[in-house]
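In the two assemblies presented below, chain A is common to both, partnered first by chain B and then by chain C.
Let's turn to the complex of A and B:
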């Protein structure tokens, strides 16, 4: 079958690989900025996966003039994943913006953007009052 | 008017209250109106509950047919959660209402009521993508609440919370995409119908992705070390901790139930084990705490573990016991946090070891606090005893004993907590009269305490009313549980007095802090184990 490698669609393989690469990046990043970039990459992987879903059988745009007769509806790309991903992109942008804003504020308080020193100082503050 | 047409307003009303409060906050009358509207909101919530007892209330937003639109559906379970949410937020609203005017409090109340709308939305919606959006909104709201005091510790905690939640929600969205690819629907009912005809093997990846994200929302193992800390270390705001522990974490449990239903109850044994381990770990970590909020937050984890055990026992009574325990736990945990707030204000410390003689200092709050404690430990005639009685119904053999031991651990935690009531104060204590809006706050904790007793005495009827499941409580069985309870109390007191009070080996656990990377690794491992488990046992 066209587009399939070992039973898996090519549109699936790339996002899955990208997803796990970004997950690996999140696990190994020592820098918070890198962690945020990896999270953005993860969002991109998920969005790509969803967009691939809508275009598996055919990628004819789902926009027609009113009253057009469609012979075979299965030839049209599924518009739902596209609509949902538009929302997901907006949410992703908003959340990333908050994330970066918070990081900016944290940088002013901790004078670092590395996870380890920041965490060490935060846990130092956390010790119960004596 | 049909109640179904009102369903979207259940989500919109709290948001409107939030905006109204934010814009006109400086006027005292506005806060009274907001509380009145919130109180009046109990009426439609009650109406929804009564209607849902007869038949599911549903509305398709935008009037689309069938599975095309976004469906809001209130079955009995959702209606109970909506009612509980409205009630708890009313209590918190009354509790916070009369504090002196403070510019920062404006945003605080706005966020609190916004969170109410989001939680109600989560309980009512049946659309997978809606759940994603609402969880993201709640994550942002909670993050801002966590950072509220702008201390650097809380801001760091808030950022950890935000980033971990973004990662797990990306896993959810990925799993959802896979599920959509397999089923072609975004609606829970539709998906469960399609999934029933499918092979479990195909579902392994979406199931593992979605359930990993939901499990981290319920702060199940391995996520337990950070969520309580993040949730409870919110500066001086006990009310946020109360909402987080009492209600927000239950939204995770609710989603867990819904998704288990959608996937046709695969992976029950896995979550049974996870529930037991979470409960045991929660008890041990709670015992190691000296900070009053952390102790309560970790005890929440233990109770959530117990609830997850009950839900996965595959026995009607246990499931219903778990559901009832969710309601009960919300009531007594909110009461406990609010009482702890009063007591720690008087003693000007949050360290349990420094608070002594609270019973003498503030007898009324102490009484309400003790009622809540009796509720959570499952004392006879209190609500916790009824829910725990049914929760263990489906457990037999070693599992029953493990649950009894977990309850013994809970009793031990609250024996430690109860030491604050006895002895003489070690530090200077503020006068009780300095408590702000004394009557309101006492009223709230007593109302919650009263609910614990009412639901304890009328527990069987309450279960029938709330979940429409007729249960019978045998006299002999209940007496046996009472016997076990009293033996547990004696063992717990002795254990505390002669072992725990003198040794500090548990306090080493206090410093257990996972870094962001390690949390992500633990989430990855959880996902991998779940995936392999489903692949091996259901493949």
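Let's turn to the complex of A and C:
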């Protein structure tokens, strides 16, 4: 169904590329909002990697009609990664909500959403007063 | 072939996100990215995950846009961002990071184990052959996360409770007491109100459909809960009043969480749904529907509380009071 690039399956190589793109975004972005979005991208890459492991052979969804007799289970997508990733998506949105809340508290304190001015202000605050 | 084209667009959208300079553009590209991700999941044979991704990404985008609109733009965050972008930037600073990332990626690909084309997966065969008689229902994904691996669902529910509590405790609370029945600042247009009034009951019906049919078709508790939370948001858009009590919602969420713990203990750990007697199918269906409804209610309450914390309660105070930050541990003034 889906081919290979350089000996590695397409559903493996694209999530790896996305993972490192988002890693690059995290270490180079100046805006904290963009960093949080890049964390979400990283999580999406991991989720697609897992789903791709279960959909190598066939992509028939694991949902059946009444009275279906399953002849060949290998022709159906693996339901276990799907169930795990369904849980991971909900946990991801919980983590994102906490991230946004912490960012709001930081913005309230430092009045900026950028890394560098915030760090500078934090270092100034930590200096002992002479 | 379609999946490969979609994957290429996926990567391109991600590169747009990483290279975008304005926060709004990041959010719009993120919406496009999530849409493509959802379609890819659907093509990989995972309709449940695709629907969850679509709903979740809509909520995340709403949270981000509300925060950007309500806080950062007023306090000068976006302005400051534009100013920094207007300055000439030293592009050579990025090159070491780029080289580092490319090196990591090449190392990862080089040392990745080569997977065989056909993976012998006995667990998948076991699940697919046995789930209809073991747990019941016709959806293998629901059977796994409510039957075989119900521990995962328990801890996921616990994590959502913890996230809601953390969000409520971490948000600011000097001006945050919601007086019941307060009207929102923004007046919605009449067209929005009219459209929402038609859509609202449909969303509620759709959520109930998803919950009740979660074990025989794509859907389930998470998606039904998201639809219920969407109903609450639409109701807010129609009425423009914050009249739903947030404390009761949090208490109800904790109550539903206790029920989520109790029901599998009664049903699975005592083995009621596994015993081969005549009424087993009935018990299985009751268990699956009740569990889906509980998970849906829990997700709905959690997202409702998050939505109210972000949209209704948290507001940036006026310019004079902006520098006052107080975190208290007393816990009385929080809500």
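A few remarks follow.
To be clear about the criterion, the second predicted complex is superposed on the first by the 118 of 130 C-alpha atoms of A that agree within 3 Å, B and C clash if a C-alpha of one lies under 4 Å from a C-alpha of the other, contacts with A are read in each partner's own complex, and residues count from 1 in each chain.
Going forward, a contact is a pair of C-beta atoms (placed from the backbone, for glycine too) under 8 Å apart; a residue touches a chain by one contact, two chains touch by 3 or more.
Keep in mind that what you see is a predicted model, and the values were worked out from it rather than measured.
Of the two partner chains placed by the overlay, only chain B lies in contact with A:123; chain C stays clear of it. In the superposition on chain A, contact of A:49 is made with chain B only, not with chain C. Of the two partner chains placed by the overlay, only chain C lies in contact with A:73; chain B stays clear of it. With both complexes superposed, C is the one of chain B and chain C in contact with more chain A residues. By the touch criterion defined above, A:115 lies against chain B but remains apart from chain C after alignment on the C-alpha atoms of chain A. Applying the stated contact rule after C-alpha superposition, one finds that A:39 touches chain B and leaves chain C untouched. Within chain A, the residues touching chain B in one complex and chain C in the other are 23, 27-29, 36, 53, 80, 84, 87, 91, 94-95, 98, 102-103, 105, 109. Those residues of chain B lying in contact with chain A across their complex are 129, 132-133, 136, 139-140, 143, 147, 151-153, 155-159, 162-163, 166-167, 170, 173-174, 177-178, 180-181, 186, 229, 233, 290-291, 349-351, 510-511, 513, 515-517, 520-521, 524. Interface residues of chain C facing chain A in the complex, by the touch rule stated above, are 3-4, 7, 10-11, 14-15, 17-18, 20, 23, 26-27, 30, 33-34, 37, 40-41, 43-49, 52-53, 56, 59-60, 63-64, 67-68, 71-72, 75-77, 80-81, 84, 94, 97-98, 100-102, 104-105, 108-109, 112, 114-115, 117-119, 121, 123-125, 127-129, 131-132, 138-141, 143-145, 149, 152-153, 156, 159-160, 162-164, 166-167, 170-172, 216-218, 220, 222, 299, 306, 309-310, 314, 316, 322-323, 325. By the touch criterion stated above, chain A contacts chain B in their complex at residues 19, 23, 26-29, 32, 35-36, 39, 42-43, 45-46, 49-50, 53, 80-81, 84, 87-88, 91, 94-95, 98-99, 102-103, 105-106, 109-110, 115-116, 118-119, 121-123, 125-126, 128-129.
Residue ranges of chain A in contact with chain C, taken from their complex: 1-3, 7-14, 16-18, 20-25, 27-31, 33-34, 36-38, 40-41, 44, 47-48, 51-66, 68, 70, 73-74, 76-80, 82-87, 89-98, 100-105, 107-109, 111-114, 117.
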